[in-house]
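Same chain, two partners: subunit A is paired with subunit B first, then with subunit C.
Entry: the complex of A and B
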């Protein structure tokens, strides 16, 4: 009797624990791999989803009549994220599946209106993915970019993260946007991309969002400015400097690998003074000037010139942030918070007014580690 | 039925760590911000003190469980009344754990499965394990599941190292006052104070050798793990995002992304978490049934399983929403711990000492 009961129990458990009623086959799913958030002219939310078409993927035949697209883009308007999803579903025979979303693109209009309202779904929805990279589309809609055909991969959304890696940046994940948006004093600097009819899409620097004002777009930084800004924020892994040198103004390039940054806050009469120092070491990869990096004197000239040039650019960027955008894009507030927590309590409420007046001193030290394979220029 | 020292170690740490890591990290961050890890250390210390007290009381009566020695000390009637809060506490706790578990599985994996089926399944398993092998089986299970749980915890911490940012946890001890840090430590401390189940468990130990060290180190080990989880949540999400996440440790696991290759390990972690929840429910099922049998002076404690298991299930079923779970946790912190883990053991201790003094004279 006991044995029969036991066997019955085991069978019941094994039947129920497979969870078959909860089963959804992959061919019942529409895998969303990228999503674009736009604001239309009449202030409506429009979501465009890039959906993988598995039939177009598998085969390696590039030519042939049977070639299918690897993805399709579906867009719909809605009151919020999931409402738009509901409308999108009307065009699809498979149910939308959010767990593979690799990229979230934010159109410029949307960014200008502020994106803070739409952040919640990405975290709350248990079927949603929080490992997506976030980008802002400069001068266009997310819909345009998401339709672009990339060179290497079947989908644009998988390439954007690797593109940031290739550019020497650390990919900017949604989690980081969230952390910045809720931080004490770091403004979210989100990588920006632009749609280009000829080239598909191009990286165009970064967008500055104001976390104290509904994550609204403040302005853009060009690729070079964002490079320096990322350096100061510790988001850049490598970069290449090129500068004119010598009497003939010939070019020299240094590929810098290890980037270090340090922000020191000194309190003088309860007013913060900011000292930013940036360090980098790298190898000389191109030298068209007559200078010979294997000679000590020439090397010093090269290093000083490169450092000066970089310093000049950082200074310009600081000036732009303080006087044009009037927003702390370097996370200096966060440094004040960390180094002088007591002072920060009084500074925080009017940090936006304080920041443009701050005395900021910048110093850049570039060193070479490797002169390359030639002595003087060939 | 006997338990070895290492079984006690793993049983305690497994059943304590699962709920504390899952549910106590975000509330602590909410109050103590980036200093929440200090709260966890304080909580660990409080937990150790409680554990020491209940162990001391229990070891004064070797081989006897709570009901047996309280009846001996306080007499039949008072001895029985004193045990009632324990039954309420243990049944409510198991119901609460069962419900939180089912809600979570429903939310993340089996969204189309009715919650009661999930609860019936885990209850049936718990009844099976407890009914067939009693505390020995639970101890053995924890000896296996415990190390797996802790290895999984450490692994998820290590895999998240690339996501950490040191500045999230700074500045230390300046944004929050000591009062806040202390206040935030009370609720995790109440979870560590759960060790008052030792009043029953220690009756089953096979030898007293090094039992203090093993039990106290188990609580310390658990507290360190919860502290590490807090540190990791802070380092990855920072205090402001960390406090908004309902299951912050789970989100931490979901953030793992090593070389675009090691991702989505959350499913594995859920499995391991189920081990812990299962151990916890089985353990409380055993303790409550065994003590109730002592209380009613029923010879075969297994008969009481058929009362306790449905009771736990019904309590879990009756919990209407998240709010009630929070109220139950508050009840645990404000009433159960002061009464069951501190006052009653203290009374029992004093009675023991007095009786022994009287007997000497």
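Entry: the complex of A and C
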């Protein structure tokens, strides 16, 4: 018996020495489900937190009083993230809890100033979630987006990741931003949304951040460009192509399910040559043209036309990246690093200058698997 | 003086009978003083031979006494033609009665013993011994369906209180002279017959010797149920886990015997013990080996999961919601929080209240007269379930957690094996209420190390998983078809 008692005492002591003494009832915590990072006119950091009000959620039978809002937004300025948190706490009767943060929104102004100096907390704080979806607010502040009331969910923060899923992308989590920021050659492409008074919050492509300059905003890609970029980066799961076909400008749509991408680096006289090939197979989901996909000739026409059109767009995007933004948004540097590590050492220091001059060859192959239920259209 | 505690203390245990019937009668009547159910019947045969019959009313078959013993003696006299018999005393000596079991004893002590066990004692004048004929017959419950170990498939027989009925059931199943039934009489006052059943050649001799010596060393005033034997011979009393399998089914005991275990049957108890027991036995149902192996495998996994669930769910719930809310999916966490917005008690206290209520309901349900049974369920469901939640005293998730854990403990097929799960929940609740998941982990480690440490009669409790027996471990998690299991 003495032995058991001794063991029990030791266990108690060891438990108290680990500092595992943080019992807090759920209703003593303020669950932050989304956060917006903005920079004010006076170059001050402003953090807006969307805090869930659990009493307003679901359980209608418990609350006798009128239905409460499902969330509240608290904003505070501060020297850094946690300093602003302190100021927010002053308004709240429950202690802030960061581990359920679903979304990090970055205002355009903030992004232009470079956001990396305020993001350390997300990784360093053990109570902080790094699986938050990161978005840049195009042409607005994060504060106004985070206040929006979404159609389906009670919170906008939980919807943004699902919105990206519905668009066929892999949601862009903070840990992916981390990976990109610490990678050798990839520049982070962060999804962007816009607060539109008429349409709510709309996905408007992506924001290009420059990891070599404190994650400063370089520019935006429109949704279609982002789609091709995501395809090249392997972040797109499905997409739908629509193209004009024939003389009468009739449309045909292909829903592509399996997207494959391959970047091949060929070294010619110590200069890399880039070959990007994109593959996709899908089914024809709409066909307003007189072409009959069940006929071999027509099918070839359709496939070539679709591939050509896509190829054209990718080429334009490559051109834009090389000559307008002069920034590697395709992760080509990463591919060079992997395929030719010995060359990368010499290329890395002046990759910025090298990238715009690289010869990049793009080829797109779209194939159909399923012509749909009918042959030609009505 | 000690007459109430020690039977026949006034008589020297070795006191022998005298040839004079009058003396013997006097001594026995003194022994059975104020025992209204012990009947003394004087019989005089043909005017001169005096006989004295003694029996306990209600324990013997009166018809047999009348037709087999009294009638022939009184009307036909001493049977002739089988040699010269001079007196009834000589007849007693040669045991010439048409009864299967007869024996002769010479001391008052032995005579009284057997009379109390339902024998008819016949004393004759001039004979210094008692003839005891076994004509015992008493009311016994008939064989019924097992009430605590129901199974969908398999025998509908269960043991009764009559030991010989029980042993006969085993004999009917296992037909071999190797099935041994060693008998012991335990209990100073009850003299309860305890039978060790085993199959010679299969059972391990050293284990059998150990059990036998433990049974022989039992020193009890009385044995009313097999639980007395279990408590007296189990390895450690200080364990929440049962170390002997108890069963009221002859098929379960037979399968245990065929696996080389020892069955302990106790007279007066419909529950037999099977030793040694392992942890996995507690989670196996009788019809596991009767039903198709795939269903059984699925059911086994369900039981394992629910057993874990029964012991862990409330404490993990406490740990997760109050210590580590980051581990709960956000939407779930928010709805839990929403539901306990108005809860006046901390989560730990809530769980404790509900656990106590649940255990109270369970305990009340066992002993309630059947007519009041529905009342408890109504009060339990309405008052404790619904009203407490609606009044905002208990939050709804707690009711879900506690009742889910409670139900899972009833998934365990052996009712008494659910007790440790329910009982250990409480220390785990305290630990996780103080230390969070760390406490839960410490508690589980303590339970596991206890289980590993436990080895009733030298058989590790967690065998064949720990220590691992490769050939048998499969059978714990899968019930493989028999003929295939033998091959591999």
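Miscellaneous remarks
The criterion applied here is as follows: the second predicted complex is superposed on the first by the 350 of 378 C-alpha atoms of A that agree within 3 Å, B and C clash if a C-alpha of one lies under 4 Å from a C-alpha of the other, contacts with A are read in each partner's own complex, and residues count from 1 in each chain.
In the analysis below, contacts are C-beta pairs under 8 Å (C-beta built on N, C-alpha and C of every residue); 3 or more make two chains touch, one makes a residue touch a chain.
Please read all numbers here as calculations on a predicted model, not as lab measurements.
Look at A:337: by the touch rule set out above, it reaches subunit B but stays clear of subunit C.
In the superposition on chain A, A:182 contacts subunit B only, with no contact to subunit C.
Ranked by how many residues of subunit A each touches, subunit B and subunit C are led by C. Contacts of A:197 after superposition: neither subunit B nor subunit C is touched. Legend: residue contacts after superposition of the two complexes on their common chain; A:33 is shown touching subunit C, with no touch to subunit B.
Once chain A of one complex is fitted onto chain A of the other, the partner contacts of A:25 are limited to subunit C, with no touch recorded for subunit B. Of the two partner chains placed by the overlay, neither subunit B nor subunit C lies in contact with A:349. Legend: residue contacts after superposition of the two complexes on their common chain; A:97 is shown touching subunit C, with no touch to subunit B.
In the overlay built on the shared chain, the residue A:54 is in contact with subunit C alone; subunit B does not reach it.
In the superposition on chain A, the residues of subunit A contacted by subunit B and by subunit C overlap at 21-22. Here subunit A touches subunit C in the complex through residues 11, 15, 18, 20-27, 29, 31, 33, 52, 54-59, 61-63, 97, 99-100, 102, 127, 129, 158, going by the rule given at the top. Residues of subunit A touching subunit B in their complex: 9, 13, 16-17, 19, 21-22, 123, 126, 130-131, 161, 173, 175, 178-179, 182-183, 334, 337-339, 341-342. In the complex of the two chains, the subunit B residues touching subunit A come out as 107-113, 117, 121, 124-125, 128, 163, 165, 167-168, 170-171, 174-175, 236-238, 240-241, 244-245, 251, 254-255, 257, 260, 263. The touching residues of subunit C, counted against subunit A in their complex, run 321-323, 325-326, 330-331, 333-343, 346-347, 390, 392, 396, 433-436, 438-439, 442.
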